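Chain IDs A, B, C and D follow the sequence of writing; residue 1 opens each chain.
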Amino acid sequence: MAKFMGLAEAIAQNVRDGDTVAMEGFTHLIPFAAGHEIIRQGRKHLTLIRMTPDLIYDQMIGMGCADKLVFSWGGNPGVGSTHRMRDAVENGWPNALALEEHSHAAMANAYEAGAANLPFAVLRGYLGVDLPKVNPKIKSVTCPYTGEVLATVPAHRPDVGIIHAQRADREGNVLIEGITGCQKEVVLASKRTIVTVEEIVDKLNPPSFNSVVLPHWTVGAISHVVGGAHPSYAQGYYKRDNSFYIAWDKISRDRDTFLAWMKDNVLDKTPEAFAAHAKKGSV
Amino acid sequence: MDFTRNEMMTIVAARALKNDDVCFVGIGAPSAACNLARLTHAPQITLIYESGTIGTRPNVLPLSIGDGELCETALTTVSVPEMFRYWLQGGRITVGFLGGAQIDKFANINTTVVGDYAKPKVRLPGGGGAPEIATNCGEIFITMAMGKRAFLDKLPFITSMGHGPTGAERRSMGVKSQGPTRLITDMCVFEPDAETKEMTIVSIHPGVTREEIAENCGWTPRYAATCSETPAPTAQELEVLRDIQARTKAAHAA
Amino acid sequence: MAKFMGLAEAIAQNVRDGDTVAMEGFTHLIPFAAGHEIIRQGRKHLTLIRMTPDLIYDQMIGMGCADKLVFSWGGNPGVGSTHRMRDAVENGWPNALALEEHSHAAMANAYEAGAANLPFAVLRGYLGVDLPKVNPKIKSVTCPYTGEVLATVPAHRPDVGIIHAQRADREGNVLIEGITGCQKEVVLASKRTIVTVEEIVDKLNPPSFNSVVLPHWTVGAISHVVGGAHPSYAQGYYKRDNSFYIAWDKISRDRDTFLAWMKDNVLDKTPEAFAAHAKKGSV
Amino acid sequence: MDFTRNEMMTIVAARALKNDDVCFVGIGAPSAACNLARLTHAPQITLIYESGTIGTRPNVLPLSIGDGELCETALTTVSVPEMFRYWLQGGRITVGFLGGAQIDKFANINTTVVGDYAKPKVRLPGGGGAPEIATNCGEIFITMAMGKRAFLDKLPFITSMGHGPTGAERRSMGVKSQGPTRLITDMCVFEPDAETKEMTIVSIHPGVTREEIAENCGWTPRYAATCSETPAPTAQELEVLRDIQARTKAAHAA
């Protein structure tokens, strides 16, 4: 049942050391403000699930929040490497990071199965590739009608699912528009959920009957965080800060530069700092 | 008109696309090629990005596969699970575009790891959509710049299947899609041999020599009997490509 | 690839004797005009797939188009029996009708699997019930992770999928709004498709980024049939003719009354006759 | 105030619903009961119809589960596959409402067939959503008018599971939902015995006798030790119910 609260309170109540956490948003609506709050609260030993770790998990991994990463594509989109993730995997800094690696199709299906309350998902995938050799979670079933062997993945059922959305009404119903990624699935698949929103409105006014709306009784904490997806974006509110994604390559290459940036821009800040980004890069 | 080898590669890739193709676009060279095709000879081509945007017509090239421009100019945007289930696995895509860090002579690709998986020398981004793009699209076009560290005799890891380690695996696994039908590099174009499926050079870009190709390929490449010279970029092709790239650069630096 | 043509031509080109045909629309947007055209063209030996046979299949079954029905709920919603279907099942009139009976959940999943190009679907269903004893298509798989046994159904892959939609643009992109049922899945799961639409427009103008739009390259024939969903409805165009659903109970109870009604309202008519219904019951 | 037994049944069903329930509504008596609850003591109740409409607030009762009114007044409308996968199977529904043609003492229901399945005496509509509603909702409320042809000692066909043929099957199958917690008839209310799961009469509607119940029940019904009289409908309950039914009748006859 939706409950409005500040982001610090939402994270404190819902994210515990050792939790399995999925923070989704496919390029769009990535919940950066929530990630920063998790870093500030010093959460440790998390298992982080995300199709594309992106900068949000690069930052959390670099700050030592995670023991394990479940993912399908770990780079800085269009730019290059996620250096903090690489440093953890290649050199164990700041700590070793276990990987559970899938394909996008498998990750999307695993969320879908979680939302559908199935223990596993079936896909035509992983043919002729090496990933099943290094990921024992990839198994198979035989079609009871055709005899075809198909790949399977276990459903994702995170302890906590965290998303950013355009807006919520005062009852706590949440609207997502544009590239909706796996967000509906993450919310429905998770035990606890946090939604940060750009705006809280009197009436949700979904643009169509079939808009992506999460009813208030499917979400947990809702926090109003203007600009909370920066440097990702919120369709209709502000654009993706592509120049920051490019700049991150340099910031994150070096451990000290990274730590200095995190201190100035995360540790010494509050969620309110995100509002400035929403203004700067507005549509 | 002068042109770079990267421009040549993108333009050759664009030429391979048809008006009625439904194309699953990756970021980088594929995105440039697909949009170049759309802005020149294939205005009706359908471009799909794995973020869920279907029939998109961006004015600048996206930096990521999920830039807002893609959604704003799309016919419709579906969820990511739907994209991978109904559209990719559903068999709706005629051409899938792939790139990669490393490739072998059967067009198998590695984008996962250099060195041992458990103790990697270089941890690459991983497969993303590629493993299923490789088998669920009607055919696959690959764009990659040549080099000895990229064109390998043997890959440390197969992220997405081309024609398999011996060229026979697609058939033996019962995969019905064609797999890589073109490998478009900055020096030449490969197509699979009808029998062996080994990627074979069918055209060489203007100004490139066979020696140069040999120096940048980790195996001894085979040439088709009919190997020809790739037609140079036209002025229009170059102009449209440079124009969209200039717009893109300005937009992303903003 | 979408091709505009008259409904008679669309049916003649796409629906053949013996085909497996799915005509979907969950209460909303049921393609009645297409059903009537199939009756007029005298198609026989069809296998008809539909979650709720509704009046459309009651009419087709009563006119002898079908050898087999694949369904999950066969009644006149809120009214009572579909008498022609019952007459075929109970008395073999006008011919015997084989039944392949599922639950709604299984039918919806079977369409979903068809659209996803999977040979079968997995569901938590059919627990403690007798349907699996009379439908050998219901089987099971064991979860490779938990050992749980789950029900399976084969995917629906109809020869022809037929739907009614609100509108198409001139390129043949199709928009569906409101209760969208399984229509997207039917179109994507079928070998050939026919879409009847209320309106053909210059610009589709979907109300949101995430509207249900079928791209022109996923549909086959498109026919402009105003009122083509009557006595079902088209959200935004005309309402469900609930009084006709009530009236059908009496019309369909008796074979002769039924045949007389079919002659007057179907056999002696053309698709253009549906336009009158759109005016009459407008929103 | 006078009232019919059908009104009593609907009103008792409505009373069982709470403000924070998420209710999967069937057509007929369940729809009237759910909307009566919404218009009286449970204004925040979430009503879901299997057509995909979530959080709907119809002004007249729908004739079908997919009338336009349901979509127009809903918070959102999802596809039917999503409804059955994410919402019903997903475990999001607290109360599922079922009715049926025939029921046994363990609240198993038949809506499929009278007589042999292959050669039926009466072919009924079939299960629709019921088989999965019965196991995937938190609990099940059933509304059915009593009668010897409806309340049977043994069903010819189990369309949806109540507590199973012997009352032990839910537990033995590992089904975690509660199953039928209330069977609300036009004469009385049954609840499952904590031990045996046999549906047991816990209250009798005003003016109904035990003899009448016995005459309309195909088994010898058990009574709870605490069996009481069902409180009669209040004037407000009757007024709101009759009001919506009058609006509904006028709307559907139009």
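We take it that a contact is a pair of C-beta atoms (placed from the backbone, for glycine too) under 8 Å apart; a residue touches a chain by one contact, two chains touch by 3 or more.
Computed from a prediction, not measured in an experiment: that's the story for all the values here.
Farthest chain from subunit D (centres taken as the mean of C-alpha atoms): B. Set side by side, A-D and C-D show the greater C-beta contact count at C-D. In this assembly, the C-alpha centroid of subunit A lies 40 Å from the C-alpha centroid of subunit D. Inter-chain spacing, taken between the CA centroids of subunit B and subunit D, is 57 Å. Computed from the mean C-alpha positions, the centre of subunit C lies at a distance of 28 Å from the centre of subunit D.
Residue positions 117-118, 123-124, 178, 180, 184-185, 206, 209-212, 235 of subunit C each touch two or more of the other chains. For subunit B, residues touching at least two other chains, in rising order: 71-72, 77, 85, 89, 136.
Here the touching chains pair up as A-B, A-C, A-D, B-C, C-D.
On subunit D, the positions that touch subunit C within their shared complex are 27-28, 50-53, 62-68, 70-72, 77, 79-81, 83-85, 88-89, 108, 112, 117-118, 120-132, 134-136, 157-161, 164, 169-170, 173, 175, 251-254. Of all residues in subunit A, those touching subunit D in their complex are 1, 115-118, 173, 184-185, 188, 204, 206, 209-213, 215, 217-218. Across the complex, subunit B meets subunit C through its residues 20, 22, 46, 54-55, 71-72, 74-78, 85-86, 89-92, 136. On the side of subunit A, the complex with subunit C involves touching residues 117-120, 122-124, 139-146, 148, 150, 152, 154, 177-178, 180, 206-212, 235. Every residue of subunit C that touches subunit D in the complex is listed here, in rising order: 26-28, 51-52, 71-75, 77-79, 81-82, 85-86, 89-90, 101, 103-105, 108-109, 111-112, 123-131, 134, 178-182, 184-185, 212, 233, 235, 239-240, 242-243, 245-246.
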